[in-house]
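Below is one structure, written out as structure tokens, with a few remarks after it.
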Amino acid sequence: MIIAERKPMEEIKQMIAPYNKLLLAGCGTCVTVCWAGGEKEVGILASQLRLARSAEGKEISILEATVERQCEKEMAAELKDKVGEVEAVLSLACGAGVQTMAELFEEKPIFPALNTAFIGMPEKEGLWVEMCGACGDCFLDRTGGICPMVRCAKGLLNGPCGGTRRGGKCEIDPEKDCAWVLIYRRLEKQGRLDLMRKYYPPKNFRAVKSPGRIQAVKA
Amino acid sequence: MDVLVIGAGIAGIASALGLADAGLKVYLVEKEAAVGGYAASLCCKATDVCSGCSVCVVPEKIKQAVTHPQISLLTNSTVQRVGGEVGNFCVEITQKPQYIDTERCVACGLCAEVCPAEPKAVYLSSAEAIPFSYVLDERLCLRFKGESCKLCGESCSTKAIDFERKPRGQELNVGAIILATGFDIFDAREKGSLGYGRYPNVLTGLDLERMFNHEGYLKLSTNGKEPKNIAFIQCVGSRDEGHGYCSQVCCKYAMRLAHLIKYQSPDTQVTIFYIDLQTAGKGFAQFYQEYRESIRFIRGVPVEVSPASSDDLEVRFEDISQGRVCREIFDLVVLSVGISPRKDSWDLARILGINLADHGFFDTKEILNSNGTNVEGVFLAGTCQGPKDIPDSIAHGMAAASKAMQALTVRGR
Amino acid sequence: MTSCIRDKNIDRVVVAACSPEFKEHVFQQALENAGLNGHLLSVANIREQCAWAHEGDVTEKALELIRMAVNRTRLLQPVEEKELSVNKGVLVVGGGFSALNSAIQLSQLGLPTTLLERESTLGGRIRELENMYGFKTGPMIEAAEGAKNIDILTSAEVLEVEGKIGNFMVRIRKGAEEISRSFGAIVFATGYETEVTDQDFQLKPGVNIISQERLAQMLQASSPKGRPQTVGFIFDFYDENSRFPTLATLSNALAIKQKWGSEVYVLCRDVKVDSEGADQLYREAREHGVVFSKFEEKPRISADDGRVKVEAKDVFLGEDMTLICDLVVAEERILPPAGTKDLSFLLSIRTDSQGFYQDENVHLYPVASERKGIFFIGGCRGDLDFQRALADVSSVVMNVYGLLSSGKVVVEAEKVKVDPQKCVACLTCIRVCPHSAIQLARTEGEKEVAEISDLACDACGVCAAICPAKAIKFEGYSDEQILAQIEALGAP
Amino acid sequence: MRGEIVAFCCERSAYPAADLAGKGKLCYPDNLRVIRIPCAGRVDAIHILKAFEKGAAAVLVLGCEDGACHHITGNIRARERVRYCDMLLKEVGLDGGRVGMFNVAPNETHKFVRIVNEMNEKIKESGETK
């Protein structure tokens, strides 16, 4: 799932400074699940912006709407009427959603209210951790299902850096586990520790050719 | 089958709720005008966090009981006579005249405004009282002194006042009876050397609880200042000649109150004089270490409190760890008074034909059943059986309800 | 009021009067009597929180409070009551004193009970108690075995608990096989464990240092060979909250005096006498010549030529004393039973700071847990004495009986409900629900959404507040209804 | 700004405490508007923000004592949420400290009155009452 978080308020305020009629568009999928851009967050941000404007003694009119997935043109198109009523749109979707909106409503400025952070999973309610860097060349088969590229602070592919702290914690952030300690333990459990001895050449980061494009063969 | 619960303190309320939730009709008889007993007059002892005193459970249980469709509440009422046997008790109850109808009174206060008596003969007993209604005190009312005053009755817009009310008797038919008459607080004046009742700055733990409830903070009655050096004396009316038992509540309430005082004003000194600290029990271990750091504990029970100056008190005690008699000055002495059996237990014991145990609490039939009595169908709940704190009283009240239910079910078959 | 509602065809009611605390249900009844759903009512509290709370003219405020109530009432929807049937069967986990007694009492009230014991025989630690209270284990087990509606499963353990009060599905391993059964409520009476080893202070059980349990066995044996001349008891050694060990010590010390006539010393910090009859027992022990010595610092224990040397600083004497004992009875530290952690995780139930079942929350005492229909009694929820454990037993019986006896429960249907269209199945509500009342509905052919059990829900609204998709509506306290009250602020 | 104090009161603790304050005739500022809620954990950021939008000068969330919440952690969640709201308000230029979470037991009337009075003093200082 895509994890995002709200941009700093100052940045948002600057983006929308020239406009007095706005649509706050939420997205009902990934960013709802990670508490960043669902209907609730739309309401909170709208309220904040109204308060900010009224503190400055200025008017603002805000429409609020949330669609199932902003990254689908058909779904984003549901916002057509509302977009027509406003001067600009503040999208609380991930980068894909913002761009879909921008493509769909070319005549209106579409601003991102979120910073899209990573692909991750919830550790508990309200805490998400990065799991996947979308490198396009998955090698989880040989690391016990743990990706050192994103879960090791240094992105090392051939074992730990040597700075691992007591208790298997990361040298850079003692709050975090050393990914390679996790990998070792996992492989040990599976009786596949021999994989630790193998050397793997530097990763080919050209697997995903930007701009990425995947064509399903069956389509 | 219906059940009678005598006493609407926390144990009686727990019993009544247990049975009512199981679908039985319950008569909850209370001697006083308001329900809740002692538990309802205690203060919350939470600081930043709940200290587990359970006082906040009480108003909620009261609310559940008074709004429960299966519970009939009879306040100002006493049991006069009991006949019959388990499954078919016949109980005679008398209700004191209710000159002000609690159902009609809206507590607007007009009656008190017009009352010419001094002090006023109509008043609210307390803000916490439930039912919340004015009461007419016949000892103060001019009308009951032969005058023809009826100002309050005329002022009452809901016509709640009726001077002609007579004591009301009624007979109830019940299958089982639960006694939950509670306790008397030990009268600290009996320990004359500790000065309660003679020196204004000697208070009981209950006085302190009520002061926190009514004022929100402590102040000395002599000079209106906040006390800065406080002594708690444990086991006043417990574990001595006449009271060969531990009252179970005093150590914990003293420590919790002491901690609350330290929390409100950290520069106040608090000393607790004790024999054995009773720190066992769920949820207390985590606080005890904290208490040890903030409170001074001295092993030994003081024998005498005497005035040192106009405001201060001198406490003479044997410090056991030093093996000598010491004197120290405090500005407030709190006596951690214990739980005593009710003085009127004897009357109920006679009416019901049940036994009293050595200390004066109601006697239980056997060690395996602290709810049962020598009379089948009569059960004990809460502190009328022996000292208990609020959670234990609730548990014991529920247990009595369970025993009554079982007795009725077995008979019903 | 009832006739007015009926005659004028009124569809919602605002009462501007005293606090709803004690009277709301009266007005609700009036609505119901008029054929109107009782939830279509708001009470504007213009007495306690307006007229009585301020000096001077508060008419403006009263009007505003009424406007707030009117705004809320406009949006109210009826909440219907629904009758759900519940399974009357009760699962009692454990086979010790509390478990046996509660099973017997439950079955007497006509509730079919299943007793599930981990060991191959029933009884648990009851035999240790025989010494203290003089009752017999055998008849108690026989009573349970003889009762016609008690089903006994020995050598069995709980693997999984699913579902809600009234219909818990429990997966049980019995020996080699696995069985699944449904129960209306579950009572855990898994007891406690004890530990006597303390390496740091050399207080480890051996020939001369024994546990209370071992002592109880020795006392039961008719003629012990080589009666110890001097016996020392030590407690308050590990922690200072031992209630049950104190009682065991007092009664065993007395028993030794009476049976063996040994010199008996009891070393402790404080004698815990806050249980019924404990202070009397303490007196009796002293009268029979048991010597009590209190310490502030932990005593030092060492071996001394086949005997045990105990050195402590007595607070009464103010000096060091040395005891040479033939036998030292070590305090048993009361611990939660093994597996408590796993089981509490499995049940999503919190334990207290000592690791026992049941959170330290006064509203759960004595026997409830945050999940309706799951109860904890006796030693597994804390260091209880005998009387308190018994009170637990009867309490839980009353609780369970009140819940299940009629075979049905009336609930407010869908008071808190999930809008399946809006729910994105993010699991947030499931993770935060304090009562484990929410689960993913796995209806075939439809998308998975969160579903709130009317039976298990306690209507706190935590889920409605946290739902990022605003898919949860709490009728009476919905976002719209709360915001409508705010909307009325200051508006004339 | 008109300067109301909106208090979200848990119906199990602060709401009865407010009632009891009235019954005891303990006076507190009449700009207090109590909204009854089932648990402090029911209060959401949007409720608090909207109250400010509607001209409230301060918002109080009053729940049970920590460790004595019927819903185990409802009051702790409320505290976190209030802290979050304080941050949201700061972001838009409203001074911190005008939203607060406090614990009140059902019989702690004096504490209830003190909390309301203190908040009222605070908003008076910043000149936002009528």
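When the chains are written out, they are named A, B, C and D in that same order, and each has its own residue count from 1.
In this section, a residue touches a chain if its C-beta (ideal position, glycine included) is under 8 Å from a C-beta of that chain, and two chains touch if they have at least 3 such contacts.
Values in this document were obtained by computation on a predicted structure and should not be read as measured data.
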### Task
Select, from all pairs of chains, the pair with the highest number of C-beta pairs in contact.
B-C
## Note on the structure
Centre-most chain by CA centroid is C
### Query
Where the centres are mean C-alpha positions, what is the separation of subunit B from subunit D, in Å?
32
### Task
Averaging only over C-alpha atoms, locate the centres of subunit A and subunit D and give their separation in whole Å.
35
### Task
Would you kindly tell me how far, in whole Å, the mean C-alpha position of subunit C lies from that of subunit B?
25
### Query
In whole angstrom, how far does the Cα centroid of subunit A sit from the Cα centroid of subunit C?
43
### Per-residue overlap in subunit C, given as positions that touch at least 2 other chains
21, 47, 360-363, 432, 466
### Task
Would you pick out the residues of subunit A that each touch at least 2 other chains?
40, 43
### Query
By residue number and range, which residues of subunit B touch two or more other chains?
50, 52, 56, 63, 132
### Message
So which chains actually touch one another? I want all the pairs, not just one.
### Response
A-C, A-D, B-C, B-D, C-D
### Summary
Note: in the complex, subunit D contacts subunit B through residues 12-13, 16, 20, 23-25, 64-68, 103, 105-111, 113-114
### In the complex, subunit B residues that touch subunit C
18-19, 21-23, 50, 52-54, 56-57, 63, 66-67, 106, 130, 132, 239, 244-246, 248, 251, 276-286, 288, 299, 320-323, 367-371, 386, 391-392, 394-396, 398-403, 405-406, 409-410
### Message
Could you list, by residue number, the parts of subunit C that touch subunit D in their complex?
### Response
19-21, 45, 47-56, 58, 61, 64-65, 68, 350, 359-363, 370, 432, 434-435, 458-462, 464-466, 474, 477, 479, 482-483, 485-487, 489-490
### Of subunit D, residues touching subunit C in the complex
2, 4, 6, 15-16, 18-23, 25-30, 32-39, 41-44, 46-47, 50-51, 54-56, 67-74, 77, 81
### Query
For the complex, which residues does subunit C have touching subunit B?
18, 21-22, 25, 47, 105, 108-110, 133-135, 239-243, 246, 270-280, 283, 294, 296, 315-318, 352-354, 356, 358, 360-363, 365-367, 381-384, 387-388, 390-395, 397-399, 401-402, 405-406
